[in-house]
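By written order: A, B, C and D. Residues from 1 in each chain.
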Amino acid sequence: MTIDALEGVLLIPALSAGLLAALPGYRLTSRLNMLAAFLTFLTAASLFVVEPESGRYLLVDDLNKVFIVLTAFVAFTTSGFSASYIGHEIETGRLKPNHVRFYHAMYQVLMFAMNLALTANNIGLMWVAIELATLTTVLMVGIYRTHEALEAAWKYFILGSIGIALALFGTILVYMAARPVIGEGPDAMVWTILMTKAASFDPDLLNVAFVFLLLGYGTKVGLAPLHAWLPDAHAEGPTPISAVLSGLLLNVALYALLRFKMLLALNPVAIAPGPLMVTMGLISAVFAAFMLYRRRDIKRMFAYSSIEHMGIIVFAFGMGGPLANFAGLLHMTMHSLTKSAIFFAVGHIAQIKGTQKIADIGGLTISHPVLGWGLVAGVVAIAGLPPMGIFMSEFLVVSSTFARAPWLVLILVIAILVALGGLFIKLNTIAFGEPRGSNAPAQASYVPMFAHLAIVFAAGIYMPPALVTGFQNVARLLG
Amino acid sequence: MMVTVALFGVLTLVALAPIAIALSGKPNATGFVYGACLIVTLVMFLVALHSLLEQPAASTITLPLGLPWLGAHFRIDPLSAFFLVVVNLGAAAASLFALGYGRHEEAPQRVLPFFPLYLAAMNLVVLADDAFSFLLSWELMSLSSWALVIADHRRAENMRAGYVYLLMASFGTLTLLLAFGLMAGGDGAYAFDAIRAAHPTISTAALVLILALIGAGSKAGLVPLHAWLPLAHPAAPSHVSALMSGVMTKVAVYGFIRIAFDLLGAPQWWWSLVVLALGGVTAVMGVLYALMQRDLKRVLAYSTIENIGLIFASLGLALAFKAYAMDVAAALALTAALLHVFNHSLFKSLLFFGAGSVLTATGTRDMEKLGGLIHRMPQTAFVFLIGCTAISALPPLNGFVSEWLSFQAILLSPQLPSWGLKLMVPAVGALLALSAALAAACFVRAFGIVFLGRPRSSEAAAAQETDTNSLAAMYALAATCLIAGILPGIFIDALAPVVQVLAGARMPVQTGAEWMSIVPIAESRSSYNGLLVFAFMVITGTATAFAIHRFASDKIRRGPAWGCGYPDASPLTQYSASSFAQPIRRVFGSLVFRAREIGTMPPPGSRAPATLTVQLRDLIWDTLYAPIATAVGNIAERLNYLQFLTIRSYLTLVFAALVILLTVLATWP
Amino acid sequence: MAVIYDFALQGAQMLLVLLMAPLLTGFVRKVKARLLSRQGPPLLQPYRDLLRLMCKDVVLADNASWLFRVIPYLVFAATWVAASLVPTFRSGLMFSWTADLIAIIAVLGSARFFLALAGMDAGTSFGGIGSSREVMISSLAEPAMLMIVFVIALIAGSTQLSTMAAFMNSAEVGLRVSLGLALIALVIVAVAENARIPVDNPATHLELTMVHEAMVLEYSGRHLALIELAASLKLLLYVSLIACLFAPWGISPAIVAAVPILIGVAAYIGKLGVLGAFLAVFETAIAKMRVFRVPEFLGAALMLALLATLLRFVSRSF
Amino acid sequence: MQGITFDIAHMLAGSLVLVSFIQLYQQRLSALLNIFALHAFVLALSVAWQAYVQDAPHLYITAIIALVFKAIVIPVALRRIVIRLGIHREIENVFGVGLAMLLGICLVALSMVVMLRVTSGADPLAREDLAFALSVVLLGMLMMVTRRNAVSQVVGFMSLENGLVLAATGAKGMPLVVEISIAFSVLIAFIVIGIFLFRIRERFDTVDMQAMDRFRGEQR
């Protein structure tokens, strides 16, 4: 029996999760964690070279290839960051060795779950995978066992469960819509079959289903007003998990939404999911942009920035059209890379300064120039300033949709501007001015952070044609 | 071909940034980076000059960068060639100046990497031939200059200046982005060629123009979008201030010209009303603000706003003429605008260099602490004086020429068919005349307080003449100012290809006129000869001096100045910058600034000092910017409650969202 | 031959204005004195004063810089050049196209710019007070002047003084409201520019009220002589300007003939006399105003000129 | 025959909605737990009936899971927790029972409108079932939203899940994987909630969420 790449990206994390749960010692396990993530990444990258056949349970197409490779890559770099981060946590005693064993196992379980969600060719299986990913991250968020961490995990858990329930209801409804056409049985939940028959589904049922799916998976995406878990979960969990949450889990939920959007787009009678997504996207972007101003916790601030960007991405996909969809995909990719890079920086900063309070952090470009300028570069990128990739995607989103919906785009532009103001008002105190807080030298690897930033920078100027073709295919698929 | 060379130059500049980072901390880094910048920009200046004068056909290139399916388009046509000349001349002068000035920098590693990047970005804006490359370079220009503005980040006001700057710059970029979005349409035809080929509807074109005016205007400093400019320009190191004021605002003007004259096609007549009105108001407001400042560099920054107003007024006039197909008149107005672009880039850079030298020598930009520097820094004083004369639009220097051309264009306004414009243009002319007179007042004040009189502080008394590199840069600019002032015909003729492309006509060839006069329309109508005015003044002046010294007296005695009978008057009894501005403040200030003077006079016999407090309010800030800031703060405060809800309340939100969406579905038609 | 003739005429004009300027000043003083029932100084007194000052030593303030010593020559040269470019007895002189009316005003602006700087050089409060008030006055007078130029130029279709004079001499002009307004405005500006009553008093040295005199307080000897001469030239310039624009009769056209030139010279001297007398009467009849009334005075000129530009469409031959 | 099967299914689903209403009405924790047991019991009946009607034996498993876990194990366990932690017996409501009931009726009406409108093409059994299931889901959420006490919120969440199970079983031929996943999710939900309740007992003195909200992470 041969194992193709698609099964590989599932098996490697699953097996290594078991292995890591059994092994002691953080040095070894963190290396193993990296190794597993690297192998997964290699396997995922091979998807571009050899595309396996989509089976009954697993599927691969242009859309999820992008997501899988991105997930595997960020998961790999994050594991690298995590290694140095966890080392520091052990030294300072915030984490106990047995926690670390649990942590690494969970890390691989999370990767397994995300990859499963991305590769599943079944709406039920995808749902299960996303729930698994959610529950895993709940446990990771609560790992510090502080009041705040527990409260954040609890909030995440409750809101996440509601999302689980709503998404399941939506999934059932999709099945109900598909059943009269495809017939009873598992076939009515298989993506590849659903897509071919979507045109004849009951449109009204699809509409209701999409409402539930939007709210259910939208909770995971972090759309306002379903976002409440997100800032706290980012702020209180270990920083590698914040990076994975912002960089990956939100994407995975978004992926699910996009799949369903594609389904609805194929049905001519169903209300286009566009208006709903555009509304939610705009609300999220505007809301999160204003929330940046009163933040006192550095990680929570960037969590809100993630909400804002998710809003922009959902807006772009909601508007539709080849350019906006392309922009949405690009924005999503760039946001994943940039935001995780920022969280890498923030993780080191919080460890050096021993605090996440913005008021206690200052003048980083003097005290820790590399870290400080890295953060500045990250914030510049995330604020949509050139020459970083997010500039390109925001350029495309705004310019391609303004002629169609001027007022909506105007709101979006205001949100972008307000968010920029919020980010830089905080960056000014963090990175510039007189240094504040501890001046301990940083003992961290900056490779993951700068690797991400370099990619984001390069993408802002030059995108390889292969990637572009892939994105364009996906954009066309998304309608 | 030309564009390839120019792009190679840009690439070299970009490559200097990482080199500068690598060199940080090395003692010779400053010299290396600025020297390299100087060489590169000089080469690019020559390239641009060559393409402007030799007029080879527009040179284009498409690189596989930027938007993947579009590529990055670059192009040198006469318009971009002219602005490349402006950019690189300013950049070369700034690099030369910085060879000396940069040595005094506290933290060169915060300036050196961004300086070449900034130069590269400005060049790229002018070279760009598609919307994406244009906006990317535009925003990169903002970003790199932001980094330069906050180079001295320990001072809170610099950080604030940088913050306001970045916000306004992004605001402008986003507005331009919207404009390009409209022009390119939903299909993303971002190449300028495609935009030119598309014919927008009248309303779309009007919207684009407004957006472009806001976007480019906010970068250029049009009132009321100028608020960032007087904060940011002075905060940067002086050679950067010179570039920001002298060159970057011109790049913004380029953006507006490119959109309004080139990409949008035929203008509507009423566009010009908006541009003219904004230009006139900007000119007067800018110089009035300038008169009220006591920070030397801020005076210069506000004066930039005034000059931008002049340029935009001329551009508005050109738009008006173009809308009615009066091509020759449009050519005159456009020439006036472009020539002023060039002139202003010269003397504003010169003045900022002078201010930088003063800052280095005395450590302060506060005019109330300066004075008497003409004794300590005679050469700086001399070139600064030339700059002051030029910017005050006084013959025989270059500022007057462009202003004179603007007035000549205004005098053609009776030929316009529109009554609105017929009545509006002379009023704008009055505003321009007022601003020119006030500019002269402003620079009498600036030069008089800083360089003349007696030193008002010990730092000013101990000032030293600045270094040779700085002086060389300033002398070069001053000489160019003089040449452009006395031989304007050459410069007007050099602008002809640009004007020909944009306005469809050009001004008559000037270099053929006798005695190098400039004759915009016909000699019986108007003419001006800077060379002769200069020559007459020099000849009569020296002849008189010679005659008097030879035949009457040439003896000089020194004595104390008349002090009203008080011995040893302190230098502080001199007229200060604020007291110099007092008459004008009384005339205009109560209206424009709500100026109030509160004097307290101690009772007779008391030895307490009498005090006079002047309160000025920046009405534009108070009525436009402060409310926005407050509103954002308020909204943020209100929304912030959402961070502190109970889980149950969050559930309620989710629940409410669900119920609302279901209700929407249930009621969907 | 024609070139030499042209040169000679241009030189004659330069000499004429230079020589006539102190005479005009003396004449105005004399008339004023007579109006006040005083004997007054002799007509030639200004010449004597100038000669006397020329030969005196210069006493420089301790703090005065090189600029302070250059400025008198600069101011004098600029004013003289400007005055020579205004048509007096003959239009279309050889270098009349060197500067049109806008440029002439700007050249005067240069002179004032440097004079104001000179006021600030000595480092006393007097110079400062004079300079700051001078620039305040000029900041209103200059736009008013330019608006006047606009009015006439918009009507005459030119800013070239010779063309303008020819146009004003033609039947095409007619009576126009806007020209009347422009004339009033021009008179106001001329009064202010020349520091005459009611804006300033050339005869006073009462410190708090003076403007021009405060500015040049530190000047002495030949420097002072040049500045006084420049002031006289400036007065002459404005009077010539009014004469050339609003009473262009008798100015010789640009032809090679002796008689019209002689008529032109005679007419010019006559016009100077009449206008000088008017000025003297005006100055005697009015009191000097407070400094901060001046902006209103000049603002009125600006408004009149602006009104004139707007009204120029209203009446073609009213 | 078709009529009777339909009527019975309809009746069972309808009674589930009714029990949800009774839950909304409860003021005391112990009574609430009893009613929840009843809720789960009715669900089990309904699922069993569906298994019978659809001739899908695997649904019996779901019915048994519902009966054993939800109707017996969980209520017992929760009661123990309540007693051991000494949680206040009275349930704090956000607003009065009357208003809550009124809102509940509105929600039921909404779900009827939404569901009856959209599934006109589907078979009536599934359509009725879906309408009731949506009602149960919405009522469960309403309970979570209107109760301040953690245990009753957990009960609300579980009755919401009951609604999901009802919907899933109503969807004829839906693969088994779904039922199992529901069971799993409930199980995991319970376990994790249990863990959390323990932790919360360790760290907080009460399970009332308002008290926990003091630790909001970011002080105002």
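Here, contacts are C-beta pairs under 8 Å (C-beta built on N, C-alpha and C of every residue); 3 or more make two chains touch, one makes a residue touch a chain.
From a predicted model like this one, the values you see are computed outputs, not experimental measurements.
By number of C-beta pairs in contact, A-B leads over the other of A-B and A-D. Averaged C-alpha coordinates put the centre of chain A at 44 Å from the centre of chain B. Note: centroid distance chain A to chain C, computed from Cα atoms, is 78 Å. The distance from the centre of chain A to the centre of chain D, with each centre set as the mean of the Cα atoms, comes to 31 Å. Measuring from the averaged C-alpha position of chain C to that of chain D gives a distance of 98 Å. Multi-chain contact residues of chain B (touching two or more other chains): 640, 643, 645, 647, 651, 654, 658, 662, 665. The residues of chain A that reach two or more other chains are 154, 158, 162, 207-208, listed in rising order. Interchain contacts (touch definition given at top) occur between A-B, A-D, B-C, B-D. Residues 94, 107, 110-111, 113-114, 117-118, 138, 141-142, 144-145, 147-148, 153, 209-210, 212-213, 216, 218, 220 of chain D touch chain B in their complex. Of all the residues in chain D, the ones that touch chain A in their complex are 114-115, 117-122, 126, 130, 133-134, 137, 141, 144, 153, 157, 160-161, 163-164, 167-168, 171-175, 177-178, 181-182, 185, 188-189, 192-193, 196, 199-200, 203, 212-213, 215-219. Partner chain D is touched in their complex by these residues of chain B: 640, 643-648, 651-652, 654-655, 658-659, 662-663, 665-666. Within the complex formed with chain D, the chain A residues making contact are 124-125, 127-128, 131, 135, 138, 145, 147-148, 150-154, 157-158, 161-162, 164-165, 168-169, 171-173, 175-176, 179-180, 183-186, 188-189, 202, 204-205, 207-208, 232, 235-236, 295-297, 300. Residue ranges of chain A in contact with chain B, taken from their complex: 154-155, 158-159, 162-163, 166, 207-208, 211-212, 214-215, 219, 225-226, 228-229, 231, 271, 276, 287, 290-294, 321, 323, 365, 380, 383, 385-387, 391-392, 395-396, 398-404, 409-410, 413, 416-418, 420-422, 424-425, 428, 432-434, 460-463, 465, 468, 472.
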